[in-house]
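Structures given as structure tokens follow.
The following pair of complexes shares a single chain, subunit A, combined with subunit B in the former and subunit C in the latter.
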Partner chain A sequence: MLAHYRWWLVAMQASVVVVPLISLLAWRGAMAHGAEPPVTRDYLTTYLVLVSLVTMLTSSWTARFLAESIRLGHLNAWLVRPCSTHLAAVANNVAEKIAKLVTLLPVVVLLAVVFHRDVELPESPGRWLLFGWTLAMGGTMTFGFDVVVGSLAFWWDEVAAVDRFRQLAALFFSGALIPLAVMPHAWGPFLQVQPWGYAVAFPIRTLLEPDAATLRTGLAVQTAWVLLTLVAARLVWVRGLRRYSGVGA
Partner chain B sequence: MHSSALGSEPVISAQALSKRYDVYRQPPGLLGALRGLVSRELTAVHAVTDLDLTVEHGEIIGLLGPNGAGKTTIVKMMSGLLVPTDGRLRVCGCRPATRSYPFLSQISVIFGQKAMLWWDVSTRESLKIHRSMYEIPSRRFATAVAELGELLGITEILDTPVRHLSLGQRMRCELALALLHRPTLLFADEPTIGLDVQAKVVVRHLFREINQAFGTTIVLTSHDMSDVEALAERVVIVTGGRATFDGELAELRTRAALPKHAALTYRDGRVERVRLGDEGFGDVVRAAARSDGLVDVRVVEPGLDEVMAHVFGEGVVKP
Partner chain C sequence: MNRRTVRVTVVVWLKLFRQAVARDLQFRSQTWLHLLAGLGELIVGILPVLILTGFAGADPTVRQAAVLAVGVFAFTTGLMDCFVSPGLRRFDSAIRKGELDLALVRPLPTFFYAVLRWIQPAELGRCVSGVAIVVVAAFTFDLGLGPKALVALTVWALAGTVAYGAFWADLALLAFWVRSIEPVNDLAAAWRGAGQYPRPFFPRTFQVVLVSFAPAALVGSFPAEQLTDPTAALVLAPVVVLASCALTTLIWSRGLVRYDSASS
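So, the complex of A and B:
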């Protein structure tokens, strides 16, 4: 049984890398045939090698479970204890990241070795620290969104549709599927203020772009989104609890 | 761990406590479902109305009532799960709806039908999580685990994953988890559900013991009248969201005014039950004694189940 789960975890992590890998091969093929994207070949390669890792590290999967526990009354067991319900969700998310990192990191390193001529990573520890900080902030923002969506179950019986819509928007606008840098130029202002890009594209950009002004602006916008989602999560949660009926025991 | 800061204040004090649920009603059938997409009818359900209740430190009370009477809603309000619509409620010196740390660290809740233990790990691991949550000092934790393990007969299974335990074993482990931080107030909702006769006796004995040893106040909701009879001296009957009786069990029996019976046993093994109503006990015995074979006469009190069925059915007994 345990072996089954281990292989399942490995297979799942391998599949996470497949989409950016296909995207990477498609872009490199197109550039070899004369396509001229607005970024360099090195930028694209480094971005697409790192994207699966960053997407995994800043993801959160709390909404569905939170909604279910509200709907079925499982939340009762948490609410009568002197401990935050969300602390358990945070612990689960962090543990999941550590477990997945063990399997995903070797795959990403392998990709980096294969494409090493076009992978450019900074050597300065400060940039890596900044990368770590933006990852943590991106993960916090995603978790905040998750709590907001999951807490809607205090009002609605079913929040799966909202959650699915949010996931689709995140997939497209975070840069997990297509790098935001290659999206139409006219979308620029929107892409700079929308939140999802600060969970995936922005942390990667801290390693790729040395432009201090862009980094400063990005950090400010990311911090604003993190604060906004945390405040929204707190508000929705507190108001939702007032409506909670603790169904079934 | 937080110690109780109650002073002379009752453990539970509720005045004019009410809870109303706003429920959307959907007309039946496909047409009703389609209509429900555009307009839904909002209905107010009054689960608890004007409840006055005071529970003093160290009491064991039975909160009883038929299904849907509102007793679970009362427990949920008292444990901070639900916010009351109206009235005043203080539990352990706090307002439960705020779910403050001092409040939550003084109470414990046992849901007979819902697990508090973590399913995939052992009971010992769950106990360790509670040690952190309730800030129990290590030495006291070790003593408490050893005591509870012995008392509940779970020492051997403390390291078994919860999913591998039988229902009876799980319930005993749930009890250990609930009692670990030595709560001031324990809400026990169907605590003996699924337990065998022997385990039920153990649980009742344990409740009595923690009540006497630590002065733990216990609010018991149960459909098992043996639990109530064994533990609760005081019962509160809830019907239709209102407390219709609050007093001692003996008083409830008197108020229900159910007749006693005489059980007459004859030599051939026959047992006759004769209602003791207008006819005096002496008359019944004299009449029975005329028959040769009478070997035993016993007066049978109505069972608590019968009393409750009568009380719930009639909705009587406001003191």
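So, the complex of A and C:
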């Protein structure tokens, strides 16, 4: 189906790349005009070249569909199956990412080629493995959040507004617009403990941080957030199911 | 378009606006949420610009230009998201499902009925925020604005809104040729974000693009520049509007020829 609607995919990926591209050009221009952010030009360029890819790979858009299936009673068809209700959503997310990767990766590579003088990526395979691990954890955490928000439909008719505000917070605090490293120093303690940064900014940090030892705390916090969201998702889902009363359920 | 059609179109538009306001007043909680979300989106858009200009060193004009651009941007995008983009976001679906037929059979200009009949008055809250930002910035930076500067700002902000709306429509009208192009609306919304940043930050070629065929700067940084330095000839504003509308009209008429309706 994605091949059938290929222009949908292309337009979607173009819209994902445009925001960091504008940000990249503006930051580089500002630095050329004498701006002095707390990170190097190389850090900023590498970060903003990679950010669209990481954002896409750790994203999830299950909440809306889950809420709809609860509201309309479509959940019944999944509840009677001998597997997890969320299996289809997981499969959908993974398959969609593979399809999106095909269109997004060439654009990101093109950006990396254009700005190759300022793009610095590690050569150590260990760093790339760590990057892959943090991406998987970030994706799992986002999916857990999505299930929590979607499951609110067991109690509320409309969860679109909650989802919109959650996405707004995630957009800014994940580092999808600008690196968390350039945000005001006073925000530091909050930025270190809030969850969204561990979905986008932290995986990129695993490639950019000169000393891998400094990532240990981040890895621990990310693991804690993943566990917390999975437990919360399980809890909300089980509680919600007890309230569920679809036709035939 | 004769005089009677113009009159009928205006009357219908006013009724549509009244209906949209009545709807928002009826679903008040939803309207409040939209207002809050619009405000949240505005803040999320502004913060990166302010953080960036915070590092811009000793040059106070950069921060001044950025704050003014953000204010103007809020105003123009509020207008666009109230009157134009809701219809454009539905256009792809209207083509795919054949709903455009309903617009074609009406005794009104089809483009008007197909695109401009969807109105979201709650988005006008952003216009108020934008005006407030510009007024506060003008007092804070002690700009001492004259009537010439205010006229230049208003004219270019409105011309920019029309020009970018037309550019967005050009993209949305690709739905006549390409199957399911809905995310092009997200692309147009993302691209206009470039209008919030001071123009000199961008490379020269990119600056030219931003004031010509993808005129994101015309909805933010360019009108803001006219407030502090009204140098661009005002006579150019109608030229920009006419050129962008002419291109959209051309694409519309070509696309309409290709349209296979659901009932024909």
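In this section, the second predicted complex is superposed on the first by the 241 of 249 C-alpha atoms of A that agree within 3 Å, B and C clash if a C-alpha of one lies under 4 Å from a C-alpha of the other, contacts with A are read in each partner's own complex, and residues count from 1 in each chain.
In this text, a contact is a pair of C-beta atoms (placed from the backbone, for glycine too) under 8 Å apart; a residue touches a chain by one contact, two chains touch by 3 or more.
Just so it is clear, the model here is predicted, and its values are computed rather than measured.
Of the two partner chains, subunit C is the only one touched by A:23; subunit B is not.
Contacts of A:123 after superposition on the shared chain: neither subunit B nor subunit C is touched.
When the two structures are aligned on the shared chain, A:74 is found in touch with subunit B, with no touch to subunit C. Which of subunit B and subunit C touches more residues of subunit A: that partner is C. Once the two complexes are laid over each other on the shared chain, residue contacts for A:36 go to subunit C alone; subunit B is not touched.
By the touch criterion defined above, A:244 reaches subunit B but does not reach subunit C.
In the superposition on chain A, A:83 contacts subunit B only, with no contact to subunit C. For subunit C in complex with subunit A, the residues that touch the partner chain are 30, 33, 36-37, 40-41, 44, 47-48, 51-57, 59, 62, 178-184, 186-187, 189-191, 193-194, 197, 200-203, 206. On subunit A, the positions that touch subunit B within their shared complex are 73-74, 76-77, 79-83, 241-242, 244-246, 248-249.
Residues 21, 72, 76, 79-83, 99, 101, 104-105, 107-109, 111-116, 130, 133-134, 189 of subunit B are the ones touching subunit A in the complex. Residues 4-5, 7-8, 11-12, 14-15, 18-19, 22-23, 25-27, 29-30, 33-37, 161, 164-165, 168, 171-172, 177-178, 182-184 of subunit A touch subunit C in their complex.
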